[in-house]
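Presented below are the structures under discussion, each in the form of structure tokens.
Look for subunit A in each of the two complexes below; its partner is subunit B in the first and subunit C in the second.
Entry: the complex of A and B
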């Protein structure tokens, strides 16, 4: 296990996309609302597949949603 | 997979799930107390079928990768704690039943074999998934 941390901009991106609700993002990304909440709180790191799906919902690259910090 | 017809929210589904679980628990426990040992099986099967039907009507995702990850971690914790506890209790019972004329040793042996069986199932499952997910471990 690495000592890095994965941060995300989901909350900001939701805001930038017409204040998209957590529920709507969850439905469009194919996950539960609880997962979106956990992601925004930094308590959960998604799989690569879910990370891509979330990035696709916002129409951006994965790196714009998730960043790895050493 | 979603079926056509009336849809329900996750909150409504959770409420119904709680109600059904409570009905099953009450009917199973009361039938066991009353001595009707055959009642719990159809009741549990009926409850599971109803919950499955309700789940298909939920209009949002209710199980995803995080749910599975939580279940994996809980299962690993349960396995580790359970196997260790069973082994310790088995060893204690075997030691207690060595010289005494009690059923301790029988229970101890049963528990010991159950713990060993659990380890075998775990190892078998580990090998299965290791092969399925690649690698050479």
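Entry: the complex of A and C
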């Protein structure tokens, strides 16, 4: 299996979208605020479905939110 | 704190309070010998453990419904039975070894212990599920 790491730009994207709160992102993406916190801290890798839902909230492609680094 | 984490703390708290109350009543009323002989005592103990488990179930479910549960919570919930399984196995091992040693000479274990073992396994299983959930959050917050 890969030894890569999934990074994300959620914090920056929230800032770019009118300083969207973690609570608001969580409500719109259908998860809890604690999951958004864990994602931003790099302590949780979301399912593909949640990754797409988060990308859709920001109106960008999923690759602009999540990046895979070898 | 995630809603499910809160409910696990509630479950652990009420479960522990119930387990302590149960053990105290059992010991203060005379233990196994009285339990076997006194029907009123059996009714008190039955009410305590059935009531306690139902209360625990209701409290945990109410707390779960009050807040959202997402995929991360479900992942943690799915991993909790590992701790539950270990706790149940260790409880059964403890009962088996202790009863074998205590009743080794007679070669007969009183049938009432079947009931006590069953009750203790149910209580341990309920507590271990809550503990497993809390350990799951702690590990995920620590290691990701």
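The working rule: the second predicted complex is superposed on the first by the 69 of 70 C-alpha atoms of A that agree within 3 Å, B and C clash if a C-alpha of one lies under 4 Å from a C-alpha of the other, contacts with A are read in each partner's own complex, and residues count from 1 in each chain.
Definition applied: a residue touches a chain if its C-beta (ideal position, glycine included) is under 8 Å from a C-beta of that chain, and two chains touch if they have at least 3 such contacts.
Everything quoted here is computed from the prediction, not taken from an experiment.
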* Asked: With the two structures laid over each other on chain A, which partner does A:57 touch: subunit B (first), subunit C (second), both, or neither?
  -> neither
* Asked: First (subunit B), second (subunit C), both or neither: which does A:42 touch?
  -> second
* In the superposed arrangement, does A:65 touch subunit B (first), subunit C (second), both or neither? -> neither
* When the two structures are overlaid on chain A, which partner does A:23 contact: first (subunit B), second (subunit C), both, or neither? -> first
* Partner chain(s) touched by A:10 [first = subunit B, second = subunit C, both, neither] -> neither
* Asked: Shared contact residues on subunit A for subunit B and subunit C?
  -> 30-32, 34-35, 38, 44, 46-47, 49-50
* Asked: How about subunit C: which of its residues touch subunit A in the complex?
  -> 1-3, 5, 67-73, 140-141, 143-144
* Can you check the complex and tell me which residues of subunit A touch subunit C? => 30-32, 34-35, 38, 41-47, 49-50
* Asked: Which of the residues in subunit B come into contact with subunit A in the complex?
  -> 10, 60-67
* To do: Using the touch rule from the top, collect the residues of subunit A that touch subunit B in their complex.
  => 23, 26-27, 30-35, 38, 44, 46-47, 49-50
